[in-house]
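Two complexes come next, and they have one chain in common, subunit A, joined by subunit B in the first and subunit C in the second.
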Partner chain A sequence: MKKLTYFPGCSAHGTSEEFDHTLRKVMKTLEVELEEIPDWNCCGATSAHAMTDNLAMALPMRNLILAEKMDNKTMGIPCASCYSRMKTAKYELEAHPELAQKLSSIVEEGTFKGTVEVKSMLQFCYEEVGLEKIKSLVKYPLTGLKVACYYGCLLTRPKAVTQFDSPEYPMSMDRLVEALGATAVDFDYKTECCGASFAISTPEVVLNLSGKILEMAKEAGAHAMVVACPLCQSNLDMRQPDIEKLQGVKYNIPVFYFTQLMALAFGYPVSDLLPGKHIVPIEPALARIGETEEPAEKVTKPKKAVEAESEDN
Partner chain B sequence: MITLGQDQKNPLLEVVNKRSGQNVLNCYQCGKCVGTCPVAGYMDFPPREIMQLIKIGRKEAILAANSSWYCLTCSACAGRCPREIDIPKVMETLRHMAIEEHVKPGSKRVKDIRHFHEIFNNMVRLYGRNYELRLMAEFNIRTRNLFQNMQLAPKALLKGKIKLFPGPGVKSAKAIKKMYDIAEKLEKSK
Partner chain C sequence: MARVGVFVCFCGANIADFVDVPAVVEESKKIKDVKFAVHYKYMCSDPGQQIIKDAIVQNRLTSVVVAACSPRMHEKTFRRAVAEAGLNPYLLEIANIREHSSWVHQKDKKSATEKAADLIRMAVAKSIANEQLHAISVPVTKRALVIGGGIAGIQAALDIADAKIPVVLVEKSPSIGGRMAQLDETFPTLDCSQCILTPKMVDVASHPYIELIPYSEVMELDGFVGNYKVKIKKKASYVNFSTCTGCGACQQKCPVKVPNEYNMGIDKRKAIYTPFPQAVPNKPVIDANHCNMLLKGKCGICAKVCEKGAIDYTMKDEIIEREIGAVVVATGYDLWDPKPYEEYGVGRFKDIITSLEFERMVSANGPTGGVPVRPSDGKVPKTVVFIKCIGSRDEAKGIEYCSKICCMYTAKHAILLHHKVHDSHAYIFYMDIRAAGKGYEEFVKRAQVETGATYLRGRVSKIYRKDDKLIVRGEDGQLGQVVEVEADLVVLATAIIPNKDNPDLARLLGVSYDKYGYMSEAHPKLRPVETAKAGIFLAGCTQAPKDIPDTVSQASACAAKVCGLFSGDTMQKDPMISTVNTDNCSGCQNCIKVCPYQAITAEEIPVARGSKEMRIVAKINEGVCQGCGSCAAVCRSMAISLAGFTDSQIINEIVSI
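== the complex of A and B ==
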């Protein structure tokens, strides 16, 4: 059994409980043992680096040091924001040893060595577990379900720090959901920002940015969206009714964590997805599973073209 | 393009370059960052103008502007900048400078954003981890708008999206508090 050092992050106990819950199930199936970092602390998220240089590095540095004391090669992080803070801290501390030296007066847990690899759980599944293994464990293929994979900003950017997938048009999650049997639609807004931490302080920005993302997902023909970040999920799901009100349209696009789809495909019951946590109901999207191609794809011409033709006649 | 002459000192440029680790002089004003930035439309000066204002040393205007506070650090601009300038790092430096120099927020929104970050940091200082419900409640009290985001509260609570009580805290919450105290002293002694 493979072992992985696990950093759940604060939202795992609140807004993204379903991410953590399904992740633990999925890892069991994949024969990966999660070893949670004892006594981990908040990474500082956006707020620490918005306000201070030192704490923005010191808070993740403490977690990195605690992780180094464990005996595993890699540390896996579900939340994209925690991942970004931890990976940025590792990158900066390695590039500037004098910074680590300076911060040792703040962090008393020991010295930073840089011996643990930091990966998002998506990256871990993609690189260390591998799509072949994931595919081989699928009991209930998600055929018929069309999803828009949304990566957000931090999983692949900045490129120098993350060293994973493309910062403009990543494909790892698309390939993963296709390994589960679902169809990943072409989606131009994969890496556009959802408004992130502005959800509370500046909600109009979130409604605007997340609204555009939902609009594009709908246009791409997705039945659902798939994400790998608690903040993206809550902005797109919890704010969807407000966005619909603002734009005067109905989206009804449920927003899944990729681990929820993995759990489903691995044969866990729907109740294990914690469907009650979703604001936009997930059932209509799940009903698409098993559907064969939509009744003989009609060749529909864009309305304008049809009008133009009738004018010609 | 206007920049300060070789013989003129530009202390702002020097400080920003040193603290951000970037060279703002490399910017050739192509504007790709503005086209990329999802919040450029909300900014007093979009990123391209901020770069130019740094080059001509307009410190007061920059620190009073809302631009750095609206930056979401999504890094889309940094990925596309043909001069490979990490613009969010420059924005971060500007925020830190505004705090250190006690620049008053120029608008209600900037005030809100700063309140939010302060309260978030306080939660971590107190609990070692974030406590979402108290974060939201304190934000409403501090911004004197008790009912904002309240349409979300019942749903979020009912669905268990937000917990009534703080999660399992860090055993060494004390250690985290100490980290904040030491860091604060360090910042003050700058």
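== the complex of A and C ==
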């Protein structure tokens, strides 16, 4: 049994309960034991770094120090925002040791050493578990389900800090859902901004930005979207009725956490996905599973005129 | 009895702002043997030099110390002034109080002043031990090597050859012509590139003073200015050029298709090919990396169809040696790979192309017959978005510098697009429009007015697909708004980067290069075509990004420099070289090992006069020795001495402070 230090973050106990719930199931199947950091605190999220640099560093630093006291070499974080704060703090503290020195007067838990690797749960599944193992555990392949993988703005950015996947056109989640048997559509909006916490202060911003993302996902032919961030999920799912009202269109695109799809493919019942937590019903999308490709979609692409011409020569 | 004069320069404010020059002069007057000391605002100017000359005569000076800028800057100037006053020019010493003091100690005037005084004290002490030296004459091989057969190399070769000086022109690819041969029309006059270039290419091939060696590379360069030896690897072409008539039958029948470099990979060429129909020489070569016969020993079709029997699969690379006196490096440029622009979908979207690909499409001899088409479906685009500064002026993803030509060729492309597709519209995203040059600003105006191209000042943040269009989202900085343009085709003006072989070639030639790989000129303003190594000159984008007019000017400047170098039968060389006192030489040969120029050989001489018993001593070739002093430093028996830097001179310097 592999062990992983786990930082659930506040959303795992609230808005993204279905993320946390399926994650725990999936990790069991993958034989990974989650060890929650005892007495973890808020990562600081948007508020702290919008107000004071010191607080924005000190909050994640305390969590990092607590994690270093545990035996595991990696800390896994489901929430993209928590991940970003923790990863940024680690990056800054390593680059500026004097900063850790300064903050030690605020954080009393010990000194920062930088010995624990910080990874998002997506990165952990992709790098440390591996697609081969995931594939081998699939009991019910999600064949026929077309999904648009949406990474949001934080999971792979900034590149210098995250050091994971491409900052503009990442593919790790696409490959993961394909390992589960689903089809990942070619989706140009996978790293666009969803509007994030403007959902609270200026909801129109979110309706516009998330609306655009849904529109592009629909255009790409997706039955559902897959995310790895609680805020993205809530903006795309919870705000979908408002977006539909604003744009005058019907999307009906449920928004899954990638762990929900993993749980499903690993053989957990649909009830374990906590369908009641979704605003947009997930059942129509799940009904697609097992569907075979309609022959009409297998149109052969027109041959490149340029190539055709050169072959004439 | 030594009588030294000290001349301290203000260098305008360069020295005087950080060094107390009058105090330094007073300090200098106290040095023993200094009979005269003075300061002047610009010692290198005519009145400044006159002060030195008058002082030499009036004070019967035996040596001169000029405290000013680096000797690399003005040592020659002051040596000439000293010589004009009747003193041996090598009795001059420079105390570099600018680069070594005022510029580097700007925060501490007191210390800078003390250091300047010390530097002068050392120079005075050294000058007292200076000896009269006389320049050495060495013979000159009047033949020039030009590396690279683009427009820069072609122009340099023709100008040198027209002065009846033989030229060896080495070109890496099978044909000369370079990047210019890939262009359709050229800014700012829109004359056809082929029409102005191909006659020059033919001139090169037929010029009695030019030896054209295509499909070859420089392997080694030995020797020194006026007396270089070059080794050139002539790659096997597997085609006997003397019997080949260039009929083209082999190219028609060859079954192997390879992406065509000339057309930026838009179409295919064969494994036996001439790069383009107007190639010079117009003879095919076999691409050994793709030929079935050479790789697998199966095929041989080209040999079968060749009526002249010109195909020879057994041909080997050949090494050619030439003696030359000067080198012009004209290796041209490559284009920056825009792959890091992932947010544009570079590599994922077929309808994003580079400017040079667009150029090939709109070329009359291009792969699409002169009409731009979308690579995805072959349709003619109506809305084309051009994005400038891809990689240029981009510290995050690309390079810091401006590639200089993109503003102009993008304006040209807008005009060409309008000429080829009348109902099209061009959108151009730009940071600044840099159109400094004769007729350039007018040309950009022409693109804006004549074609109605929409110039949008701002960067593009994202490109995504919608149906079969590319949606280009960028900023219209003048309105402060985000704009989205539905494009059929997107053209990226990718940055110019130096030829990827530049660093290797520069090391081989012994020339310095900068962090990007451009070869460095000797002085950015006053010696723009010379390198720090005598007899090696730079033309075109080898040195920095440039357009055709600048490249041609620089190539002609190189030719003038070569002709100047070859104007006499011999060349004057500094006498600062090593000599061996054979009486003291133990024959250990350590000096041979350390000499970077292979200027020292072992020689056998009789142990004593008339004796038959021999012993080994070092022998220095005066022509080859560059005066670096390595041999003098390692010589354990102190038998080697470097003129101008003798042990007594150096010891004098050290003792003086």
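Everything that follows uses one rule, which is that the second predicted complex is superposed on the first by the 295 of 313 C-alpha atoms of A that agree within 3 Å, B and C clash if a C-alpha of one lies under 4 Å from a C-alpha of the other, contacts with A are read in each partner's own complex, and residues count from 1 in each chain.
Convention: contacts are C-beta pairs under 8 Å (C-beta built on N, C-alpha and C of every residue); 3 or more make two chains touch, one makes a residue touch a chain.
Every value quoted in this text rests on a predicted model; they were computed, and no experiment measured them.
A.B. asks: Just subunit B (first), just subunit C (second), both, or neither: which does A:219 touch?
C.D. replies: In the superposition, A:219 contacts subunit C only.
A.B. asks: Who contacts more of subunit A, subunit B or subunit C?
C.D. replies: So, of the two partners, B touches more residues of subunit A.
A.B. asks: Looking at A:167 after the superposition, I want to know if it touches subunit B, subunit C, both of them or none. Which is it: first, second, both, neither?
C.D. replies: The answer is both, since A:167 touches subunit B and subunit C.
A.B. asks: Looking at A:59, would you say it contacts subunit B, subunit C, both, or neither? Reply first, second, both or neither.
C.D. replies: In the superposition, A:59 touches subunit B alone.
A.B. asks: Once chain A of both complexes is superposed, is A:188 in touch with subunit B (first), subunit C (second), both, or neither?
C.D. replies: Touch status of A:188: second partner only.
A.B. asks: Shared contact residues on subunit A, subunit B side and subunit C side combined as an intersection?
C.D. replies: The overlap between the subunit B and subunit C interfaces on subunit A comprises residues 167-168, 192.
A.B. asks: For the complex, which residues does subunit C have touching subunit A?
C.D. replies: 257, 260, 266-268, 342-343, 345, 348, 350, 367-368, 373, 375-379, 462, 464-466
A.B. asks: Which of the residues in subunit A end up touching subunit C in this complex?
C.D. replies: 166-169, 188-189, 192, 216, 219, 302, 304-311, 313
A.B. asks: Could you pull out which subunit A residues touch subunit B in their complex?
C.D. replies: Result: residues 10-11, 13-15, 17, 39-42, 44-55, 58-59, 62, 105-109, 153-154, 157-159, 167-168, 191-193, 195-198, 200-203, 205, 209, 234, 238, 242, 276-279 of subunit A touch subunit B.
A.B. asks: Provide the residue numbers of subunit B that touch subunit A in the complex, in ascending order.
C.D. replies: Listed in rising order, the residues of subunit B that touch subunit A are 19, 38-39, 42, 70, 72-76, 78-79, 86, 92, 95-96, 99, 109, 112-113, 115-118, 120-121, 123-124, 128-130, 132, 135-136, 139, 148-149, 151-152, 155-156, 159-163, 167-168, 170-172, 175-176, 178-180, 182-183, 186-187.
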